[in-house]
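One structure, as structure tokens, below. Some questions next.
Here the chain labels run A, B, C and D in written order, and each chain numbers its own residues starting at 1.
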Amino acid sequence: MTAVSSGPEQAAAGPGGSEVLDRVREFLVGHPTAGADRLAFLRARFDAGLARVDLPPGQGGLGADRDLQAVVEDELRAVGAPEHRPSDNPIGHGMAGPTLRAFGTDEQCRRWLRPLWTGEEAWCQLFSEPGAGSDLAGLATRAVREGDEWVVHGRKVWTSLADRARWALLVARTDPSVPKHRGLTYFVCDMHAAGVEVRPLRQITGETEFNEVVLDGVRIPDTDRVGEVGQGWAVAQGTLMNERVSYTSGTAPRHSGGIGALLAAWHDHPERRTAGLHDRVLSLWVQAEAARLTTARWEQELARGRPGPEGSAIKLEHARLNQEISQVELEVLGDAGLRYPDYSERAPEPVPWTEAAPGWRYLRSRANSIEGGTSEILRTVVGERVLGLPPEPRIDKDVPFSELPR
Amino acid sequence: MTTLAESPPVGDLRYSEVEEDLRAAVRALLDRRAGWQDVLARTETAEPVDRALWRTLAAELGCAALPVAEELGGAGASWREAAVVAEELGRAVAPVPFLGCSVATALLLAVGERDLLAGLAGGDRIVALAVPAASAPGEPLVPLAVDADRISGDVPGVLDAAAADVLLVPAGGALYALDVTDPGVRVTPAVSLDMTRPIADVTLDAATGRRLATGAVVADAVAAAQRIGAVLLAAEQLGVARRCLDEAVAYLRDRHQFGRPLGSFQALKHRAADLAVLITQACAVARYAADCAATGASDLPVAAALAQAHLSPTALRAAQECLQLHGGIGFTWEYVVHLFLKRATSQAIVLGTADRHRAALGELLGVPGPEETS
Amino acid sequence: MTAVSSGPEQAAAGPGGSEVLDRVREFLVGHPTAGADRLAFLRARFDAGLARVDLPPGQGGLGADRDLQAVVEDELRAVGAPEHRPSDNPIGHGMAGPTLRAFGTDEQCRRWLRPLWTGEEAWCQLFSEPGAGSDLAGLATRAVREGDEWVVHGRKVWTSLADRARWALLVARTDPSVPKHRGLTYFVCDMHAAGVEVRPLRQITGETEFNEVVLDGVRIPDTDRVGEVGQGWAVAQGTLMNERVSYTSGTAPRHSGGIGALLAAWHDHPERRTAGLHDRVLSLWVQAEAARLTTARWEQELARGRPGPEGSAIKLEHARLNQEISQVELEVLGDAGLRYPDYSERAPEPVPWTEAAPGWRYLRSRANSIEGGTSEILRTVVGERVLGLPPEPRIDKDVPFSELPR
Amino acid sequence: MTTLAESPPVGDLRYSEVEEDLRAAVRALLDRRAGWQDVLARTETAEPVDRALWRTLAAELGCAALPVAEELGGAGASWREAAVVAEELGRAVAPVPFLGCSVATALLLAVGERDLLAGLAGGDRIVALAVPAASAPGEPLVPLAVDADRISGDVPGVLDAAAADVLLVPAGGALYALDVTDPGVRVTPAVSLDMTRPIADVTLDAATGRRLATGAVVADAVAAAQRIGAVLLAAEQLGVARRCLDEAVAYLRDRHQFGRPLGSFQALKHRAADLAVLITQACAVARYAADCAATGASDLPVAAALAQAHLSPTALRAAQECLQLHGGIGFTWEYVVHLFLKRATSQAIVLGTADRHRAALGELLGVPGPEETS
């Protein structure tokens, strides 16, 4: 009764476990791993439907049960196949892929999904603006139609990976004469197009992890529009929902992440221990373990195809815990907690969280409750969508965007 | 970091279909027989424990002995299913001796006593472990005098003792069963903060005990049984917390002030959301503990302490927020909220407060305190 | 520089310290304390302007500096004069007195202030209703004018002392056809009048501390109206402001109140001590001491005639601390924390807070964040009146009361 | 309860007119010379400490030696006025060595050293106590080797040492003054999390010390000086907390989302209100500590520990809330908020974290821990 299984309620229409295994072995016959070119191998794997077996054929999958992906991964790992590294293209995998699959045309899926999955083309998102953060629908970037193209002017902020992205998810206002949620349209923007300028923005860590992106007369072909004109809000909501519940990669082991670093600091600094700090460390351990088990439970529910309301809860708790744990770590460290590795302005190196300096983790964690939906917005999401509490009276929903006070 | 144990496996934290069916059956019965007005009214009667309801739960639904093998009169299920029952009993603040009887069951299973188990399973006999209700697993036992299997001394504040037929008494390094009809046994019900879970003081004056076990095994078995109690209590706390959130949300949707439903006010909405987040976590924690208990996982001591350390503040906060979000009406006797506030308060103390369980985790995980070396 | 003094900025126009002392001595010559009838003495003291010297002549004062009251109290205490006990009539002193002085006619002040001060006539308030708690302006109790009288129908709740009050502060709706804040009028209601019924309401403590008051055709003479018809909201706001910043009686000593009880429990139960609980007790001590010093500072500012925003802050913290401290006390007590003295239905006996049972204090403290303005309303007051943050958009302010959804 | 001391008298917790005048003068100077853009820009220069500003504060406003008697070159005021200056310096995160110099002043006053005091008072010489910045009052000192008044060893993370001319070094049971130009002294500035309050590592290699005091008095004087530091740090934290609240409130009033000012959203309003309540309490606590320091009250050890235990979390929460309420812009370098976040973070560690001060209160008040008897 206690083993994790997909259960009888999920009898998939697609191929079963042994069929999937056959496909992998078949594929490996045609694509031996010894000396394989990584990119060529990944492209072929996508085409064979072994990228993510639960997706439909043609989009990298086989229409199989989601659980069966493990069969593929185990088999490929066993033969030392070239690695797929989704973390190289987080916005591509977490946001662009699901959005294109849900709202894109077949042509768009054909064009973008494979290089997205192989990592050949990285993605970023152009949503937030200086005047439109939590209130995304208040964005002012304009897209004006000229024949088969759209001409875009505007300024986007809080954009990570803009410097190395090939494509961007873009929301722009195509009709300011209607209420704000109704005048938006969703595009894919070529980051190499004329008029796209990426300016690094410096953060409190000293680094330029995020960028400002100026769009100055950027021309986007209408074929790169995603969804109907004026439906941009609905498409963006789909994207953001994916951001907030983006796929995780298996339950982390106990003591991984920040709590492990805190315990290590605790062990290394017996001279800093007090009763109060001891209880606080243990209290954070309890919370971190609760968060870990919550993620595990959510993944089990996902595997059964019944995701619960845990997505937003996981993001909220992740932000709060990262912040509290890294703060207590500085307090445990004492003198060492007063130091910082380097404030000089520079692009960040990607480093695993626990290998970064404690001071950097402390500062960087402050963004966790802002990026990808502020904790305030997420609490409203939980209150309204999970608990069914009524929305606030809105004064900005029925007024043309052009007449709103800003 | 080398002192920290390896990461234990995580079992199934979901509810199975069997468990959901059991939940539905228990809830349907409790809806019929233990609505909150019934529960409140009963607290001012001479029989605060609903023995008839308990008998139905035991005999018709098999709730009294879920983890007991069928050949011993039980349901042949596990502590996972028992935890689901505990959630529902918490949700209803049902006045039945499930928690005390479950601790007794765990203890009787550990020492291999079959007769009492059979009586327990049918709901005919209520058996309680005679230790103070606030004792955490492994805490020193109350010293009692034993002279030729006749026991004397006081055990204050015993859980589910007021309705018990048999008391399990650890004394003098042995475990005894005492019949409450023995002239040497006096059980005095106390006025309890949590009116739906009365405690009672046990006074023994050369009471005759039947010896069930002897030796070091007794203390270990008592601690293990209390640990099972902690796991089930956590499930019960989850039920209380969820019910409090449900009540608060219903009120916030329904009640209007300033021309708007209360729930449309952002500060109240966010507090309800914070509670929902906390309860989401609590569910995973409680389920993990139940699964560890069901499978006898080596991580059970950690899982049980974790469950109490997390669930006690969660249930308490849910009940306190529920009262506050109701405003004045939440403070009145003739309303549902105080039953949950009082239950959550006693739950936070019974089987050890959260700080004691955190301290236990420090030892289990090898996180040394100020005076210890790592 | 560190002595408490009223400072040169408060040079009062009224009598100075020596004059006040002369008045007291003069008064004592005419009213010897030996064998004095308490009530007769207090009445005469009021008439002599020695009730509260900062009030105007005729209202029990001399128009002197507030600080000089201490001169009166010291002198009267020294000669063993009959005691004035404001705590016997808390709503009279904290709410009715200030309201009558600010909004009442001279005739009303003459009639009510003296017996209020002497304690001969107790007061209660009839504000909250089952459908109007935080949203006081939403109250539904109707007062209809008939000649020189008003006829009142309605139901009030959350009323303490109603069973022994002679007079009540009452807000009722006199015009449902205008927006809700504009249709209210403020009255003094005779609790002995026909149609007033006081019904005890039972609380979670088991006691019937509060009452429901049913007003069934109660007739109130128009001369007992306070303020103009339709001005009831403004008058009630004045009353509530006084409730929230009601007078305190000197800085409590360190370790008085709940924190002292908690420390006593801590000392009495060495077997219950853990590191976590120790830190929590000390943390509560820090918060309790901060609250005590905040009250002391506020009183010092009051004495200088410059009350700061501390009134609402003090009420908020008082509620929170009472609740947390009494909860931790139960946890420290363990088994004893599971017990309760008596749930049987009965009128409460007034007992000093720390002499009540821990369980009772825990339960009773839950009302602290509801009675006299919920903590939620107080936070809005602090946010808007102290910090100057803008109000929420209101949908109920310009609609006639009779058309509001309820 | 008999072990708890009598209630000490409470002095004047208000600001006097003299104090308000002093505040206005300091604020006017800082507005001119230390706007946040200036402060931020300076952190990336070779001279992170603004010596010129410090000289002006010292020479023109007498801020460097407020509690020093006039005949010793000071202003003849008290630590109360110094605390008001600290509030303003915190409000501006001004990069001046006020805190370190004040600790040095308290120490020099305690051991009766006049020459250094005079230099300090005029702002000409910066003097720092060479102990790790995170040490709480009374914590064990870093052991250093002393051989015929020549001192060797490392003292990491010393407050205001980077700009110091003279170091006060407790070593071998004595207190020494060391000139930083001595060839045996090496001061290495560290990259500090709080860029506006750089710490520096001190390495001594047979450095020549001038002996200022010897014996048990040294350890007591160092602890007493750190206690004065804790009182002033609390005032500085109050200034930081108030500034954070002011910045947050201004932003909440100004910034619109969803067609409304942010501050009209109830959840944000209530959080700002909670912060205001906390800061109201913090002000009374900080003033009490300053008054105890000024009057040499016997309750000073309690008041100083109380002040740190209360103000550290308050300033930190204010800064963290300020950043969060600002959203994305609060996380950018070219904005005011991070200066306060970093200052509040270092303040929470400097002179001991809140938990250490709570532990100290437990001892001072006679609230025994688990292992102790009462």
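Here, a residue touches a chain if its C-beta (ideal position, glycine included) is under 8 Å from a C-beta of that chain, and two chains touch if they have at least 3 such contacts.
It should be emphasised that the depicted structure is a prediction, and the values quoted were computed from it without experimental measurement.
In terms of the distance between Cα centroids, chain A is separated most widely from C. Interface repeat of B-C: among A-B, A-D or C-D, the matching pair is A-D, sharing over half of the residue-numbered contact pairs. Rounded to a whole number, the gap between the C-alpha centres of chain C and chain D is 41 angstrom.
Computed centre separation for the pair chain A/chain C is 54 angstrom, with centres defined by C-alpha atoms. Residue numbers of chain D whose C-beta contacts span two or more other chains: 260, 265-270, 355, 358-359, 369-370. Residues of chain C in contact with at least two other chains: 274-276, 278-280, 282-283, 376, 379, 393, 395. The residues of chain B lying in touch with chain D in their complex are 265-270, 371. Across the interface of their complex, chain C is touched by residues 43-44, 132-134, 156-157, 190-195, 199, 256-260, 267-268, 316, 320, 323-324, 327-334, 337-338, 341-342, 345-346, 348-350, 353-356, 358-359, 369-370 of chain B. Across the complex, chain A meets chain D through its residues 128, 130, 132-135, 138, 157-158, 201-204, 206, 274-277, 280, 323, 327, 330-331, 334-343, 345, 359, 362-363, 366-367, 369-370, 374-376, 379, 394-396, 399, 404-406.
By the touch criterion given at the top, residues 1, 3-4, 7-8, 10-14, 16-18, 78, 80, 245, 249, 252-253, 260-261, 263-266, 269-270, 272-274, 276-277, 280-285, 287-288, 291, 294-295, 306, 309-310, 355, 358-359, 361-362, 365, 367-370, 373-374 of chain B touch chain A in their complex. If you check the complex, the residues on chain A that touch chain C are 275-276, 278-280, 282-283, 393, 395.
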